[in-house]
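The block underneath contains the structure these notes are about, expressed in structure tokens.
Labels A, B, C and D are assigned to the chains in the order they are written; within every chain, residues are numbered from 1.
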């Protein structure tokens, strides 16, 4: 699929550093009992307590505007941390309330998760987000309409393109900024016995190689590279060191527009691309 | 097991790039509920929408005739994409209708999957395939006879040889072009939470090293190297970049016949090799 | 989270080599039937029989005081091995009796595990430990209070910081020396079919790279690097060789205080840091 | 644990290349239904049909006497292949009849598996093996006595030492030649969906690095390096190429005695080492 998308000015590709600030919510949803495990809770708390400040410093060093997807639960539990993101000038976007997987919810539950999330971000950070990313990157077929109803400009949860596009929703559309599993840190680093992970932990050098190769290739394709990191994972010292090196590498390419997803979505909206319809597969 | 197989002209080994164009069918079969997961569907749609055009371009650049195993469901859902494969001069082969695992089917179901697949490829692409590969590389002991009854020339689903051979089926035979798990991209790249994958994602450099080492070694053995890639996996930008480099490497060897499986099977058939019988293990 | 912690003298960071001497207990707890598997038992026995002496030699070569977390069961089954640790001048700390996972226990069971562990270490090694680490790194919210009641100085089971801190417990506190999964050898090396492990075994070179990168980064952060190895895993010959090289690397940094956890905890206690309260997440 | 073991002549360490010729038995035992999967059966058949001849050639090139553990089922299904091992001068040893996991058997079943295995090797290859290795490396506490009763000289299934030893059995003993999971190819290469494997497949370069590092380290320790490969895995072309390079590396060390396990066991027996008793852990 070629894309008619053009980037602003003399830019020929785009890059975004995004962070899912899941903290405890990523493991609590659907698993109340895990709250009894103090070490597991502390593993998740590392994100807002240590990983996030370190990442904010890296972004400051490299002068990169980033997008942080913040579940409402994280905002309520770590309000100061979330406000620091805003104060540093970064974008806050929506990531559910308790990191609820949309496809496991009823319509009423999905609406509740969206609205509680909006309320928490408003209360804590005074923010009305324009962007959304489905927890577990698991959008339901209902979600796009719910987003349009709430005035969201963009979603970042689908995986069928290298370039952003307008996703048709009824008579309107929402900008879709695609992601992919290979540009996520979960598969490389997450180890939570009985909860998540392959059981293996990769070296930060390997993760960085993987992400950089994809940057090189998407840049050559004039596409949009969207990296997703979790502060409780990539905020660890040596992973952050590699991430910082990668930031230096990315911003060292003048032909690439390194910015946050909100800015990318606004740009896409100005292009008036014809919306694209995706059809749910029926029974075979 | 030595092989009496000789390659055409001055060629001393063979190589084939093959692609299983599974798209949604790879996850839908046996799991209707997965259709409700829009992100998962989009992950699979990347194959025909983005991965496939990119791969066709690579094959054009390196002037390699390839084989595409296309489930009927993919043909019905992405007819234009499948017709582009034909127009580019590549071989279309059979891969079930909804990527049904033959050993999980009754005889009637297996027949239905074969015939629906044939019908879809005829309708959409005007093609009557001569080749077959079992979805999940899981041939049943009934499949070879069903293939011979339908006039198939070859199968590519078994793993007991480095060289193609004639597999005895009743009084006749079908050409078998063996494959192996280490020459597949699924194990290296596939990550689909709750559905498939080891949980880890490898770097394209590692996958390429693995495949190239096996090319070198099978070439030295005068054998047949058959790589299998999935457009929804290896069509990603940096993986395709490595795949392109590997294509350059492979076609750079003049002593190796780089072609599609149909051409290999036709050559094998001209050799009149004595068919080989494989006996199903009985109770021990 | 910045830390007010200062290191002694001219030291700007700390490093500790710690060993969980689990032996059979790591697999027996909650799984009596595994005792019937002689090979599995021998796999665990390698720790005290071969791995431990080899590690003691490495520590002697590099003149590093280390901490050994010894389950009571290991002390009773391998008393001579445990006494050798004491004789070599290293610290013995508490690691449950049969490697019981605290969050799976009732309060009474957790108390029993603690007290049986204390008794075993007293009987076998004449030691009253000041440090504790939860088996499976799975502290319960009750554990800190139980530790304070028994006069423990420190715990090393939480993961929410790069620096040690005072963890508030009622009116008092316990020193917490944080750990992390990436600085553990289990994820890299453990393979016990049907029992534990990802199914993969990594090269010692990869594990060493991972650990050394984190050392470099935590050193730069003025933090505390705590490596955890299991003698039944890292006591294997080539893994121990890499571990020895890593020891050489670590002690080659004069600005880093390489010592055992007991010494680190004592130092932290002298700083009178304000204790930190961690709140268990409630229902969302 | 230091060892009093001395190697013959001027040798200061030992190395053995061993092969578990499991073929179909490795997956059939306990899982009759798998026989219906023709591709899976062909994956296993690759071992005796292609992998084994290639490995025999490598051993011939490097003039290494090796040990092949052959399940009775393999002998009955591939008699010619098994006889070729004997004709090439290698040792045949016992590996169950249908690769039965000893700890899952009753005493009567374990006896039956042993005796059927002996009978098959006698019938097919005219061999009475002196060595045994438990399928799945899962010795039961009864097995050593059963081996002594049948006149076996050695077992190679335990993991608690780097050096061979005499394992006490009643008033007598059996020589134990220890193995370890890191010196096995299963964890690196095995991929059998729904049956076995981590889901990942490693590069032969990584496996070779791992095995060679352990060779270097065990050599330095004056110990016994025992590599275990499966022809259906390591008989693949590029893996065999790396294995051949490793053979060259190992035999290039004159101070290392590279031989088969039978020769090692005979040597150990001449040393009259005091037998060692291993006690089964009781309830804690």
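A few notes on this one:
The working rule: a residue touches a chain if its C-beta (ideal position, glycine included) is under 8 Å from a C-beta of that chain, and two chains touch if they have at least 3 such contacts.
Note that the coordinates shown come from a computational prediction; the quantities given were computed from them, not determined experimentally.
With centres defined by CA atoms alone, the chain at the far end from subunit B is C.
Superposing the C-alpha atoms of subunit A onto subunit B requires a rotation of 90 degrees, rounded to the nearest 5. At the interface between subunit C and subunit D, two copies of one sequence, fewer than half of the residue numbers in use are shared by both copies. Centre-to-centre spacing of subunit B and subunit D amounts to 35 Å, using the average Cα coordinate of each chain. Measuring from the averaged C-alpha position of subunit B to that of subunit C gives a distance of 49 Å. Multi-chain contact residues, meaning those touching two or more other chains, occur in subunit A at positions 198-200, 202. By the touch criterion given at the top, residues 24-25, 28-29, 32, 35-43, 45-46, 49-50, 53, 73, 77, 97-98, 189, 191, 193, 198-205, 236-238, 240-242 of subunit A touch subunit C in their complex.
Residues 1-2, 103, 134, 136-141, 143, 157-162, 178, 180-182, 187-188, 197-200, 202, 206, 209-210, 213-214, 216-218, 220-221, 223, 278, 280-284 of subunit A are the ones that touch subunit B when the two sit in their complex.
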